[in-house]
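Some structures to go through are shown next.
Heads up, the next two complexes both have subunit A, just with different partners, subunit B and then subunit C.
Right after this comes the complex of A and B.
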């Protein structure tokens, strides 16, 4: 990176470190932080959508639908999240390939599960065998996003389901008294009022989502955990210009600090949002704000 | 091979008793259920030991955080912030590599790099921090009348804490603490995926479940088995904690007893 980096053996400590931290692999390491932030940016709205849909299904008046919704919420919350991550990556991959296989190769007559192998025709492979590297990476990343969204959607569904029930009953009765249909009541009265009740749970969920991002590593994405392990391991002079001992501890300390800082920033931001939303609301928080402003 | 034989061979495989080699091909349902169940021994071990030992540290931390003295409050606040603000997964990795580099200098840290001790310590500190935050919240919401009554009786210091504050704190914190316990048990599944090696393939339930999923390339059998075990474990935890809750609230009239509202919606 810097001009003095041509011969690392001769440098003093500070310069050596500056050169070391700007090698090509370290730049990939820094890029993987963007990957984590990207995952958060994509997953949060998608999971919110899953959650909203889940909550709507769970409070449906058609019994089987409501059972499906409630089962979705209950099962995902009853089992360790990591088990879901490991499960869905393979299951989703196989499901996609199975569907494509059925659509693309209708005249294939061998069974798909042959002993311990999962065999689909060449055209149904995902991504295609001859696809470039970035397609593989994007595919892996999208599988991760879908998995995260399914798991966190269930948590969000639980929060939104509770928030919908927390909206004062009188509000809904008023809407009914005005002759609104069930659908109108839902969209015009229930949904706008629900958010302030859902926000504490959702902000909690955001914190949890941040802390779940290192599990990307288990989904086979080259994320910050992967790079920290790679870069921190002992390097001998034979393979690199910057030999060092086992520094993985320091790399993970760095990740720890990154997450602490991120959590702290999120906390401050969410407090601000909550302050905005409670302004003028008929809740305990809004009341406290009103009194504070008067005093 | 009959299923009974399989249970004899693999029932205690996760702690090194029984058949040395894991099954390699033609996996039967019985083998999967037995081995994954055998792995649950580790999940229960980590969960129970960390929970019981963490309970005491959590109480101390909660009291320290509520203390008016800055010298006590600040360290407790930082401890809780560090362990609650960072992912458990990263804590496991950091702990493992920390013990690894300590081991290279002091041989006495040898045991710390194996999961049974090293991961247990990380889990212990982690659950202590989460529980301390719960207990701290409960300490703040102890009814004023309770402490005033203790003052009126002339109770101070340790007896006041032991006989008035602590039981009330537990009573208030118990539903949230039950959630924490459930999630601690779920968190134990992370251990063998976060640096700590499974020596001689003695791993926890998820370790065996992913072993089968890798070997058969069929996730639809081992993971539902694992899920079933964890749901059973969760029900046991809820049962035990519910019994303790009933005992903590036994002086209240039946109607006024706080219903346990379980909302396990936190993961780390």
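Right after this comes the complex of A and C.
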């Protein structure tokens, strides 16, 4: 990157390090931080959406709907993440391609399943075989978002389901006594009050999600842990201009700092949200706030 | 005038179709990118190594447009079978178990010698703790040799295990270990006997992809015949390496 980087062997330490830290691989490493943050920024709200929908369906009064919601929560929570990521993503990808194949290539005469192979026509490929690499990466990233959302959505659904039951029954009865319909009671009384019960569980999920991103590499998305392992590994002079020993410890130390800082920022943000949600609630926290305000 | 426009359009259209036909399919080449000198990520962040150079040349000879894709070793076969890429060139030895799931071209690297590397020459490789990468022929061999096998996801970790004492020795392709031993300043050394494993390294393909297999087989044959493959082997693995 810098002009003096042409012959790294001759450089002094500071400049060597400056060159080393700006090689193409390191730029990919820095990009992967953005990738992880981007993934979290998209996945968290989508997973919350899945969770809310899942909880609503699970507590539905129509039995089949409620079974679907409960089955979703139970199955996804029960399957190990790594199995889910290996199996589900490939299945999802194949399902998309299968549908496109049926729509786009009606006159294809070969079977799609040939032994263990899954073969669809070129036009049905997702992304198209000749698409540039960034399209493939974006596609992999989207699959990751969907998969993460479904997995974490199931956990969130369970948390929100429990939170909805934790809202004091008296509140709902009061709403009914005022003549509100079921729908009004749900949206005006139950939902605003359940968040305070859901937040501790949801904040746990958020912390776990932050740390679950290494699963990304199973989907071909190169995340920070992949790059730290790759960059920190021993490099012999034959294959690089910047040979070094096993530096994984330093890279992982960097990741540790990143994760700890991120966790701390999350905690501060979550504390603020908790304060906002507790306001005026019939909980111990709400009571404490009321007393604090009087004094 | 009208005629000229028509002809030009027709020409442009047919040219477009020819162009589209030639480029209708990009062959995506899957690799691990963590196994120098076979394949690794260079300073610029690109796939590099023996297999990169060989693969590019094979694509040239087979008149294919190729693109390299990195994939985790653990899921490298499932993703091939599921058509997420079309070939595997990742130092993968041809074995019967793998051949049941995928197909291989003829070998482009002769049956490889695998070797043990340890931190001291007193290590007994038949009874100690031996590190190997998961789902490799070496791991299978260690499991049957009577030694205690510890498996790691990446080649790097297997060597690190020896350096930090977690394992007595690592068992891997000799060509992967040789540069590491050379640069370790006597800290690491080869121990025990070399073992010839597998049926050579070949390119992995889907069993249904017979056309592609024929094309690459022909390209490999032509490279073996005119000596370019041998030159490439010597360039990446040294003068003493086995050639065709």
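Just so we're on the same page, the second predicted complex is superposed on the first by the 278 of 295 C-alpha atoms of A that agree within 3 Å, B and C clash if a C-alpha of one lies under 4 Å from a C-alpha of the other, contacts with A are read in each partner's own complex, and residues count from 1 in each chain.
Here, a residue touches a chain if its C-beta (ideal position, glycine included) is under 8 Å from a C-beta of that chain, and two chains touch if they have at least 3 such contacts.
Keep in mind that what you see is a predicted model, and the values were worked out from it rather than measured.
Asks: After aligning the two structures on subunit A, examine subunit B and subunit C and state clash or fit.
Replies: The answer is clash.
Asks: Please work out whether A:201 is in contact with subunit B alone, subunit C alone, both, or neither, and reply first, second, both or neither.
Replies: Touch status of A:201: first partner only.
Asks: Does the superposition put A:222 against subunit B (first), subunit C (second), both, or neither?
Replies: Only subunit C; A:222 stays clear of subunit B.
Asks: Give one of first, second, both or neither to describe whether A:158 is in contact with subunit B, with subunit C, with both, or with none.
Replies: first
Asks: Is A:61 touching the first partner subunit B, the second partner subunit C, both, or neither of them?
Replies: Neither subunit B nor subunit C is touched by A:61.
Asks: For A:25, select first, second, both or neither according to whether it touches subunit B, subunit C, the two together, or no partner.
Replies: second
Asks: Contacts for A:276 in the overlay, against subunit B (first) and subunit C (second): which applies, first, second, both or neither?
Replies: Touch status of A:276: no partner.
Asks: Is A:118 touching anything from subunit B or subunit C once the two structures are fitted on A? First, second, both or neither.
Replies: In the superposition, A:118 touches subunit B and subunit C alike.
Asks: Can A:234 be said to touch subunit B (first), subunit C (second), both, or neither?
Replies: Only subunit C is touched by A:234; subunit B is not.
Asks: Let me test your reading of the model: by the given contact rule, A:248 touches which partner, first (subunit B), second (subunit C), both or neither?
Replies: So A:248 meets both subunit B and subunit C here.
Asks: Determine where on subunit A the residues touched by subunit B overlap those touched by subunit C, and list them.
Replies: 86, 90, 94, 116-118, 217-218, 229, 246, 248
Asks: Which part of subunit A faces subunit B closely enough to touch in the complex?
Replies: Where subunit A meets subunit B, its residues are 75, 77-83, 86-87, 90-91, 94, 113, 116-118, 155, 158-159, 162, 201, 204-205, 208, 210-215, 217-218, 225, 228-229, 232, 246, 248-249, 252-253, 255-256, 259-260, 263-264.
Asks: Touching residues of subunit A toward subunit C in the complex: what are they?
Replies: Subunit A residues touching subunit C: 23-25, 27-28, 86, 90, 93-94, 97, 114-120, 122, 125, 129-130, 133, 136, 217-218, 220, 222, 229-230, 233-234, 236-243, 246, 248.
Asks: Using the touch rule from the top, collect the residues of subunit C that touch subunit A in their complex.
Replies: Listed in rising order, the residues of subunit C that touch subunit A are 23-26, 28, 33-34, 36-37, 40-46, 48-49, 65, 67, 69-72, 74-75, 78-79, 81-84, 86, 101, 154, 156, 159-160, 163, 179-180, 182-183, 206-209.
Asks: With touch defined as at the start, can you tell me which subunit B residues reach subunit A in the complex?
Replies: Those residues of subunit B that touch subunit A are 25, 81-82, 85-91, 93-94, 97-98, 100-101, 104, 186-187, 189-190, 193, 206, 209-210, 213, 215-220, 223, 226-227, 230-231, 234, 263-268.
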